[in-house]
Every structure is written in C-alpha cells, then in structure tokens.
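Take a look at the structures below.
Two complexes follow with subunit A in common, the first pairing it with subunit B and the second with subunit C.
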Partner chain A sequence: MNRLKQTLRYRIKLFTLLGIVVVLIVVFSLASPFFLSVTNFVNVVVHSSILAILAIGMTCVIISGGLDLSVGSIIAFAGVVGVLAFRQTGSVILGLAACVTSGGAMGVLNGLLIGYMGINAFIATIATLAVFRGATLMITGGHTISVTDPAFNFLGQGQILRIPVIIPALAALYVLFFFVLRRSVLGRSLYAIGGNARAARVSGIRVRLVTLGVYVLSGTLAGICSVYVIGRLSSLQPWAGLGAEFETIVAIVLGGINIAGGEGDLLESLAGVAIIAIILNAINLVPTIDPFYQSVVKGGIILAAIAIYERFKIATSR
Partner chain B sequence: MKGLRLVIMVALIGLVALSLGFARGNRPEREGTAAPEKPVVGAVMVDITNPFFVQVMQGGNTMGEALDVEIIWKSSEGSLEKQLALIESFIEQEVDCIWVDPLDPEAVKPPIRKALAAGIPTVTGANLVEVPGNVSTPFPSYDAFYQLTGMIAAYLGNEGSVVYMSGIPGNWILDQYQAGFEDGMKRFPDIDILSIQPAKMDPALAAQIMESWLTTYPKGSLDAVVFTTDPDMYAAIEAMKNAGRAGEFALFSQNGDLPAVEMIENGENGVKIDLLSHGIRIGAFNLMVAARLAKGEKFPEVLWFQYAPVMTEATWDKIVAAGYRKDVQKGDPFSEDYITPERAKEVIADAASEFSDWQPPK
Partner chain C sequence: MANHTELRVEQISKSFPGVRALQEVSIGFRSGRVHALVGENGAGKSTLVKIIAGVYRRDGGSILIDGQEVEIHDPRMANATGISVIHQEFSLFPELNVIQNLFIGMESTHAMGAVLDKRSMERRAREVLGRLGLSVAAGRPVKYFSVAEQQLMEIAKCLIRDAWLIIMDEPTSALSDSEKNTLFNIIRAMKEQGLAILYISHHLEEIAEIADEVSILRDGRLVGTYDVGAVSLANITNLMVGKDIELVFNRTRKEPGRRVLEVKDLAREGSFRDISFTLHRGEVLGLCGLLGFGHAEVCEALFGLLSPEEGTILLDGRTAGFTSPLEAMKAGIMYVPEDRKREGLIQTMNAEENLSLMSLHWLSKLGWIDLKNQAAVARALIDRLSIKVTTPKQGVDSLSGGNQQKVVIGKCLSRTPRLLILNDPTRGIDVGAKEEIYRIIDRLAGEGVAIIMISSELPEYVGLCDRVLVFRHGRIIKEFAHEAFDQNRILAYMLGTAEG
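What follows is the complex of A and B.
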C-alpha cells in the first residue's frame, strides 16, 4: 500500500511538472509569436545543453546526499587541459579525451576530499571551485584561446541531418543515466547512501568508494560540457561555466529533487531544466521585457512555478 | 484514475495545439505583405549594469528616435554563451538588423553567419569581426593610445615618469589600449613607465591601486598617471584627495565623461587630456549604422569609430610647441586634432546630430 502511495505521489508530481511546462509553453506562445516553432525549440535545447548535462551529474551527487559546487570551474579547467593537449599534439582525439578525463580527475579530488577525508561537500567543493578557476586564470592569463578545428568543435557546432549534434547526445546521456539510477547497483547505492549513509555502510555498500565514484561522474560530465562549450564558442573561455553550478541546483530543486538526498530521479531534474530553459528562452524572445527587469522577471516566474508545485505537493500529500 | 489521467493528457495536448494555432496566427508575415511600420533593430549588449553600457543605450535610443526605428535591447550579462543565444533568438524573431557588442570576435562568427544567411544584416561594435557581409565598427584603440603617448610625452617635455592603470586582461579593446601605450612610449626613452596595474574597470580596485602608488612614489617621483577609463580616474582622484595630493600629477584618460571634461575645462585635479569616445556617441554611431542597414542601405565592412582628444587650447599649444606630431600607425584614430571642453559638451549632449548625416569616409 505504501509503495502504491509512493508511486501515485511520484506520478502526480511528474504530471504537475509537466503541467507547469505546458502552461509556460501556452503563456509564452501567446506572449511571443516566435516562441512556438521548431527552430525555437531547437534553440531552447541547444541553449540549455550545459545546464542539462550538468543536471545529470548534480542529480546523482545530490541523491547521494552530496553537493558539487565546482562543476562550473571544472568546465573551464578541463577546457584548458584539453585545448593545451590538442595544441601540443595536434590530435583532436587526444584533446577531447583530455577534456573529459581531466574533468574526471578533478572529480577524483572532490571525491577524495569528501568521501575519504570526510570534509563537508559544500566546503570542499567551494574550495575546489576557487582552485580550479584560479588555475584556469593562471594558465590562460585571463585570455581566450581560439579553437577553430571543425573536428574539435563538432559537438558544439556539428549537425546530423540538420539536427545539432548535442540534441541526440543529450538524449543518449539522459536515457543512459535514467537506467543507471533506476536499474543499476550504483544507482541503488546512491539512493541508499543519500537516505542513510550509516545504514548503507552497515548493509555492505562501500560508501567511500561510491561517493568517490559519483564525484568522478559529476566531473566527467563537466568535462563533456567543456567540449561542448569550446565547440559552441570556437574558443576556450577562462570564465566559462561561471555560475553554472547554482543555475543547475536551482533547476533540479525546481524539479523536486530533495536537496537532503535519498530521493528524486532524472525525469524530475529534466522537468526542472525544461522549466528554466523555457523561461530563459522566452525572456529573450519577448521584446517588452526591459533588460533591466530580466532578472526580476526570471526570478518571479521561477518563484511562481515553485509556489504552484509546492501547493500541489501539499494538496496531494493529504 | 486511468480515465482522469487520460482526460488530463488530452486537455494538455489540446491546449498546446490551440496555442500553436493561435501563435501561428499571430506571427507577423515578412513576405508579400505590407512593410512593418518601423524597422526593428535587435541590440545585444555585453552588460547593462556598467554605466558605460547605460550610456550606450541612451545614445542608441536617441538615435533610434531620430531615425524612427524600434530597438529591442538585450543583455548578455557578461556571458558569451548567453550572447550567442540572444543572437539566435533575434534571428528567430526576424528583426531587420542585429547589432552586437561581441565578448569574443571569433566566437560570434557562427551566429553572425547564420543571421546573414537568413537575410538579416549585422553590425558588430567595438571589434573587428571578419565575416563577409558583416559591418564592424571597431575602435582604433591601439592607435588612440599610441597617439596619446605622443601627447603625454610632449606635455611632460619628453622626460619624466608615468604609471598606467590598465583594464581587464583578456579584453581585446583594453589590451589594445595597453599595447598602444607600451609601444608608443618606447619612442621616448627618457620617460620611465614605473608601473602598470590592472584595475579591471572596478573603481574600488582603482582606488586601491592609486593608494599603493601614492605610498610607493613620494612627491616629485611621479609625473603622470594614465587611465584606461574615466570611472577609474575618478576613484583614483578620490584617493589622491584623501592623501592631500590631488593636482600633483598630470592625468590622462579615455571616455570623455562629462565630469572629466569639466575637470579639464576648470583645470581641476590635474586632468589634462581625455579621449572622447563616450558611451552616448558609441551608442548613437552604432545604432545609426544598424538603422540604415535595416532600411536597406549598404556600408563598407569596416567603419572605424573615431575618438576626439579633449583638451584646452593652452594644452594643445603646449604640446605642439614641445614637438607633438601625429604618428599614424594603423589608421587615424581621431576625428579632429583636438576639441575643446565646450565643444565636447555639445557633442555629448547631441550625439544624434553628430551622426545623423554621417557618411563613411571615401
């Protein structure tokens, strides 16, 4: 009976989120005649790709009871490593691999600090945020580095049958990690640790190793983001990813993920990302929104979405 | 329960379909119908919280009224990713011209190409963005500061010591100012550059740097201070006043803000020369180009935005007598040899009239 109630609650939650997405689509379609078109929806997905990729890693980290505030800085530093590797070797494959693996390596540092040394995740990743960003600025001197190789930039600018490559790549990532969270041992371990780390340890889960693993995952996904960002901007930007972690957390909390850990799933995060992406796109399209009021409007719409969602949660929990 | 879910799904799908139909009905037609009332320019600014960009918007709005165009202002909030997204949104909105102040001249090339391919003319302000069909309105920033060093050297009698407060490392325009300054000063071996510090366009940091310099260089050991931007200079002047040393140094800067122009006019705080660019002029000039492109006019692909050195007649006579001559490197950065503070105030107050009949140089 309890399980049935949980399933019902989850489905209502999802439907509520879907309903909010649909309402936003309707409202913004009426506010701007340019909103509801295929090309604009492609724009929505492309413009929110970084957020969407980071949301996968952040969801896994938060479900396990952790937090990763360094992902934005990882994007920048992974980009530095990748671009330097590419320039030194002339090999696109090595450069791309360096981006992704260096992201994972930075995740190892986070995982060791948090999983093995027991440092609070908030503090550890705030510190590594500063370290990674500082290292990026030291190496680049604050300058951008141009990258014009079309192979290197394929993820950010390439198209397959006129569809930006990032769209099928995103879909593949979400399908993969949906099953990882729902069906794999790793996924179940993350929920167990996030629910009760002590109980998880007693039940035989290698908490420290899994914690290390989830931060490696988060860092690796940030490394993938760096490949996309470099491709999209045709350059390495030392300030790439600035503030991305906070926007990601807002999106997945909006989707209903419990910041305390132990519950939630990728569909909820995806709904939160969709809400943020639609709002940001609509603000760009609606000409009557004065640029000075953009932040106010953005915050207001997010607040309204959260208020509606929380009201539904309270109503359905009775 | 299943039935209820089905009803909800059908209702939601119906709402989406309804809004799709309504939205299509609302979409303004571009082909084969009467022309829209006013051309629309989509303007993508780097940031609108910095006072400079507020001036740019002011100048753009003034010119927009004069030329009868509608302007949609959007802010990139300092993010290159957001800037590209805004350009793509303007393409989607089918505006008549897109004016961008690029954060990175290479990164904006793909969306600029997309806009041009969609038949939307583009203007990229302050930077050279080499895309066929795009009109760039770069600042001759290297040349401007190269020429300024000649004026500084002549003012100081070709000897002395100076310090330079630079901008944001990595910002192309500000880096070009610094490069022009350093290269220009090489011509004057008896002028020592004692220090170069980046204020990063942060007045609070500018004040701190000036305080350090005041501590490091006692009276008589420093002759001139050169600034990248007027707000940094104002903050530094406050530091000088607090230390009781305002007016001790000759000050040189760039922007041509009204307070700086008045300091030159009134002989206050040692401000001698300020290169008039001014956000209002920049906004008016770029909007003029964008508006005329939106109306179907053609322009060369590079239109250099020119500065005007603001100084008193006495200062001009002094530097000419000391041997100052223009030494043009890449292009003449100045619209005139110099302008007086009075003329500068007229230009700032009425930027629309300065550019409304403007024609590109032949």
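What follows is the complex of A and C.
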C-alpha cells in the first residue's frame, strides 16, 4: 500500500500500544499499592524475560513466514543436555555451551524438516515439540535435577550493580536483533521469504539455507532461555517451558506482528510482551483478580487483539 | 432476464490517500451493447469497475439504473441488482465441481435449507451450459477443465444469477484464437438477449472486433466515449496515452559483438533436449513456442532455477553450470520472471527494497546493508527506467502493472548484466508502458548486454529480436534470422503446420 498510509498506520498502532501500557500501569497502580515500585518493575521484567527472549526468535521465524511451536520443549531438553554436561565434566563453561548449542542443534532439526524437506512448519514443530519433551522426560525420568553452582546460575540469579544480569542481557539482545532485522542481509532475506518465498528464490536468496538459519536462531535463543530458567529455579524441571510457545505467540500477535509473515518489527513484539507481562503481574498482585483466570485472560487477549486489528485494517483500506 | 435498459455512472469520483483515482467520470452502459473500457494501467478502470460491483464505496457522484439512483453497498447487492463480474483470475473453487461452483452462495434446497436440491440444480446447470455450447461432465472438479472452459463456466454463473450487466476483465488473455472466437460468438448471443457487457481489455484489435462503443480513461478522467466504428486504433492509443505511440516497434540494429554464451546439447528429461545455440553481446535472441514446449524451462536452467541433466553451458568461454540463482547472478546473468505477482515482487516490501533485492550481496559489508547506497541505487534505477512512484518508499502493491514490471526489470539491472533473460516482459501491460520497455530493451542491447526473451506476442519477436529459435515439444526445430522473419511462418512452425 501507499507507504505514507503505512507509516501512519504503524505510528498509530505503536502509539496505541504505548497508550495501553500507560493506561494499564495507571489502573493497576491504583488497584494495588505494590504495583508502582522499582522492586515490582524489576519483578515484572525478570518474570517476563523468558517470554521476552523467546519473542525475539519467534518474531524472526514468523516474519519469515514460519512458526516454531517447539521452543518450550527445546528449553527443557537443552536444559537436560546442559545440566548433564555440567555434571559429567564439572565445567560450567562446557555446561553452558552445551545448553545453548543443543538448542541450536534442535533448531537444525526443525530447519531441515521445514526448509529442506518442505514440511509445513506448524506440523513439523508440533512433532518436534512432542519429541523433545518426550526425550526430556525419558532422560530425567520425570525428576528434577538440581544445580547449585552460582556460576552456572549467574544469568538467572546474578546481579551487576544491584541489577539482575538478565536485564542488560535482554536489552543487548533486543538492540542487536532490532538492527539485524532492519539492516542486515539476513533480516532483509527473512522479510523477503515471508513476503513471497518464490519471488525471494528467483531473486537469488538462498531460501532453504536462511530458513534453516532462522530455526537455528530460534533454538539457540531457547537454549539461552534454558540457562536462565535453570538459574531462576536452581534446577531443571522436566516440565520447564511448558506452554511457553503459546504465550510467546500471544504476546507477539498482541503487539501487532502479522502471523502470515513478511512484515513487523521487534518494537511491536516488545510492546506485546510488555502488555502481557504487566497484565499477568497485575493478576497476581491485585487481590480481586483470581490467578486461575490467567489462561482465560491470555486466550481472550489474543482474540481481542486479532479482532481489533482486522477491523482496523478493513476500516483503513476501503 | 433482461429487466433493465441502462446503468449510468454520473460524475463518479474516488480518492485514496495521495491518489485521485477517478474524477467526475460519467458513462452509460446499455443493454444489448458491448461497451469497452480502455486506459493505461492506473487510469482508473478497475477502480470504476469495483465501485459498480460494490467492492469500493464512491466518494462522489451517483449510480443510476434506468434513471433511478441506486446504492450498491457491497458485492451481494450488486449481484442482486443484476451486476456480475468475471475477473481476470477466475473466482472458481478448483476442488468443487461444476454444479457446486455455478450455484455457490445460492444453492437450491429442500426442507428450508437443510437438504440440497441437487436434481434441480443439475437440470438448470445443464440447461445454461448447453446454451453456451459446453457439454461437460458437470460432476468433475473445476480444476480439470481448460481455462477456456472455466471461463464459460464463469459466464454460466452470471447467467444463472440472472445477470443483466456482465463485466469482463481481460477475458482473452489466456485463450487461443479459436477459443476467442467461441467467446465472441457467445458474447454476441448474449447481446441479442439484451444483456449489457462491459469489456475491459488491452488488446485493441479485439475491441475493434467485438465492441460497439469504447470509453477511454486517462489519469482518472474520462477522455470520451466513442462508437467503435468512428475511431481508429491509432486514435484510441493516442487518446489513452496522450501522445503518439508507434504500434510496431523497430529496434536499432547493430552488429553483434563477441560470443557471450554457448549452449551445447542441453537436456532435461521431460522438459527439453538437444538444445544448442550461441549468443553474442548486444544480440537479442527470441525463444518462442507454445506453452510447455521447453523454452521457458531452458531459461530457468540458464538462471540456475532448474538443473539440466546433460549438456554444457559456456559463459565467456568458461563452463558455467549454475545450481542456484545466486551463482548465476554472480556470473552476471539476470532473469526477469514471467509472473511478476508470483515470482517477481515481494508485495509486502516497497519499491526501494524490491529494486535492491538482487544486489544485497554487493550493497552490504559483512552482512550489514549500506542503506544510503541502497537508496542511491534505487533512485538511479527509478530515474533510468522512468518508474512512476511518489517516493521510493512506496509499497509496490500500489503501483500500476507497468510500473511494477519496471521494478522487476530494474531489480535485474542494479548491476549491469552480461546476459539478461526476459520471460514475457510486457505481459498485462498497457501500450504506453510497453513501448517504454521496448526502448529499455533496445538501449540495453545497444550497451552490449546479451538478451534472451520470450514473448506472448509475435509482433514483439519481429520488432525486437535479431534471431528467433522456435521450440516444439522440447526441441529447437527452426532458427530464423531477422531478415527472414515472417510472423506467419514463425507461427506455422510453432503450431507444427510448416513444411521443411
């Protein structure tokens, strides 16, 4: 469409999202005295970090026209590999590296199935979701594995200058990937493939290789997430990451990323993550909202967001 | 069936942000007449049609049927008023059968809608199809039928809905000559029965043959409505574009330079075999043949989209068997694909991003794109090819067909290619833009680029090519040098009716 109209729409969308965040903050700080404090703010960020990290990978995958439903299971299995590697070798570095790279390796599997064998992303990643989770349960026997080494748990528990390490780490990741999407050849290729994969191929983009790459990226980020999750709980839970992919997609769609691919940026995803994080935090904090309503709230948000966006699109295109 | 006599649009205006698509257009469509609508891409034809069909809401003016003003809020209302549209890309459901397609949305039922009345639908379908001369297995899914047969089914759909005004958008683009004649006979029969036909086409010779009157749009305004007998093709073109256009292009012929490409015994099972030819700098080689005869596949093989199983390709003397488009591009080969919507453009991106898509490798350092360089390259291409954009950041999906095609061609020229392959570069483009593309091809050849082209119009081969290779069933059966060009002979070889 006319780029003038597109930029205007983008600005309206981002402005609206920002407005929602502000309104939520105001409403919840009135509803609960605990809401508006530095401690709570740090709390919000720390608890939503899993979502935030996964949102980066999921945004890239969705922009390229794909979907990765296996990230929750990758968190679990990468954690198993990492923790076992740490235990066997006694080396923190090896353990951490194993965690992150096994996430990437699982991404390779996804990427080969989807990029090279042409299997539908939804189907392929639902299958790997089951396979990776099953492998986790098999190896752990359903038991928790505890990890007490503070070096291993640094990402989850450590602090730099009284700020949880994860916060600057997240900031760095977001800045890096914002520019990767906007200005790198890889980023441009993702948008091209999501926009029109055939035309991307005819224009010389190595579609299969880039597709493989984006799933490796998603898996690697899930591996990093795994390190964080283990650090938070000083242990690897066999059910770690359960449902994370659903939450991530809700957040991204809320932020306005088009699930069909080809458009969107990290700011939109971040806005969506922020809104979900604040709402979930409020549900736990504000006494009148029952925490068991969480699932209902999340599902309702995705429906409402999609409905509003579709009406918005129709209204501005006639 | 024919329950109206005239649909008139009066002073219709429609604007989109940044564009005035229609300005005070007034045209009358009468029953029993074929009214043609012509204009360059972007002139406002499809906007006008969409307003009549209820897809867009008009900003100003009114629509009158038999003198009474009507409001057409949506396509359903348009249908109810007797207006039916047959789009260029048909709106049939490939997996459903003929009867299901004909009655979609208005199925006959028993028991207040619970059970389909298949028998009466089948009877009515056969009746209408019979009138159109189409006797087919109505129970087969529509995807098994030819394009021409599908088009007749689209017409049957309109008749079943008691359409009075049928709008046809580029109806002949996928038809053979004999199928076109069948269609025209049917249109004439519908005219006799009092239907009104709104006929949109870029093929002006057809309009001369089938239309009674023609309305010409230019830049959103009506230039005029004329009786077809009273105005010549040259006049129409002139009025469409606002200047004189040569109807037949003649390239400036020069001596070709040194050999650039040599293809020897190229073969691929099921597509082509024994393909051998050479190409020189500054030479334009035409590959022609009917659909599926292998010439398009040879082009794809040269660009690395397909792998030949046998044979060699030599580029400037060096063996070049490309396994991917990127390798071909690095060697200086560029390919303009046949279907710009499906293979040429990324619709979610803007003009600048599309133009730079094939030169990302060269516009970037260590994987990071130099955005200033990208903008400069895009600007240069926009100027060089006269691409009409309000800004380089305009989304390509809002460009006219001709400008979209220029973007696709421009994308391939971001680095001067050694070999440029053009697969039907002027498909679906109006006369004015076509001429501009011919000039571009002429200029490129003059600069020493070797060009291979495929076209869906014989006059283009004659006007642009130095040599023509005729393909039949995957093999080259005849080579023509331009002194020996003769449209009829080329066609005869393509159809297999020539001797020798």
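Remarks
The working rule: the second predicted complex is superposed on the first by the 288 of 318 C-alpha atoms of A that agree within 3 Å, B and C clash if a C-alpha of one lies under 4 Å from a C-alpha of the other, contacts with A are read in each partner's own complex, and residues count from 1 in each chain.
Criterion: a contact is a pair of C-beta atoms (placed from the backbone, for glycine too) under 8 Å apart; a residue touches a chain by one contact, two chains touch by 3 or more.
None of the values given here were measured: they were computed from a predicted structure.
Once the complexes are laid over each other on subunit A, subunit B and subunit C both fit without any clash. In the superposition on chain A, contact of A:194 is made with subunit C only, not with subunit B. By the touch criterion defined above, A:263 reaches subunit C but does not reach subunit B.
By the touch criterion defined above, A:203 reaches subunit C but does not reach subunit B.
Aligning the two complexes via chain A yields an angle of 140° at the C-alpha centre of subunit A, spanning the centres of subunit B and subunit C, rounded to a multiple of 10.
Touch counts on subunit A: comparing subunit C and subunit B, the chain ahead is B. Applying the stated contact rule after C-alpha superposition, one finds that A:144 touches subunit B and leaves subunit C untouched. Of the two partner chains placed by the overlay, only subunit C lies in contact with A:183; subunit B stays clear of it. The overlay of the two complexes leaves subunit B and subunit C separated by a minimum Cα distance of 16 Å.
Once both structures are placed on chain A, no subunit A residue is touched by subunit B and, in the other complex, by subunit C.
Within the complex formed with subunit B, the subunit A residues making contact are 15, 18-19, 22, 25-26, 29-30, 32-37, 39-40, 43, 46-47, 50, 140-144, 146, 148, 157, 229, 232-235, 237-240, 242, 280-281, 284-285, 287, 290-292, 294.
Chain contact summary for the complex, subunit B toward subunit A: residues 5, 8, 12, 15-16, 18-20, 22-24, 26-28, 45, 48, 72-75, 78-81, 84-86, 88-89, 92-94, 104, 106-107, 109-110, 168-170.
Residues 1-6, 183-186, 188-189, 191-192, 194-196, 198-206, 262-263, 318 of subunit A are the ones that touch subunit C when the two sit in their complex. Contact residues of subunit C toward subunit A in the complex are 16-19, 56-57, 305, 324-326, 328-329, 335, 337, 342-350, 353, 357-358, 360-361, 364, 367-369, 371, 390-391, 393-395, 397-398, 411.
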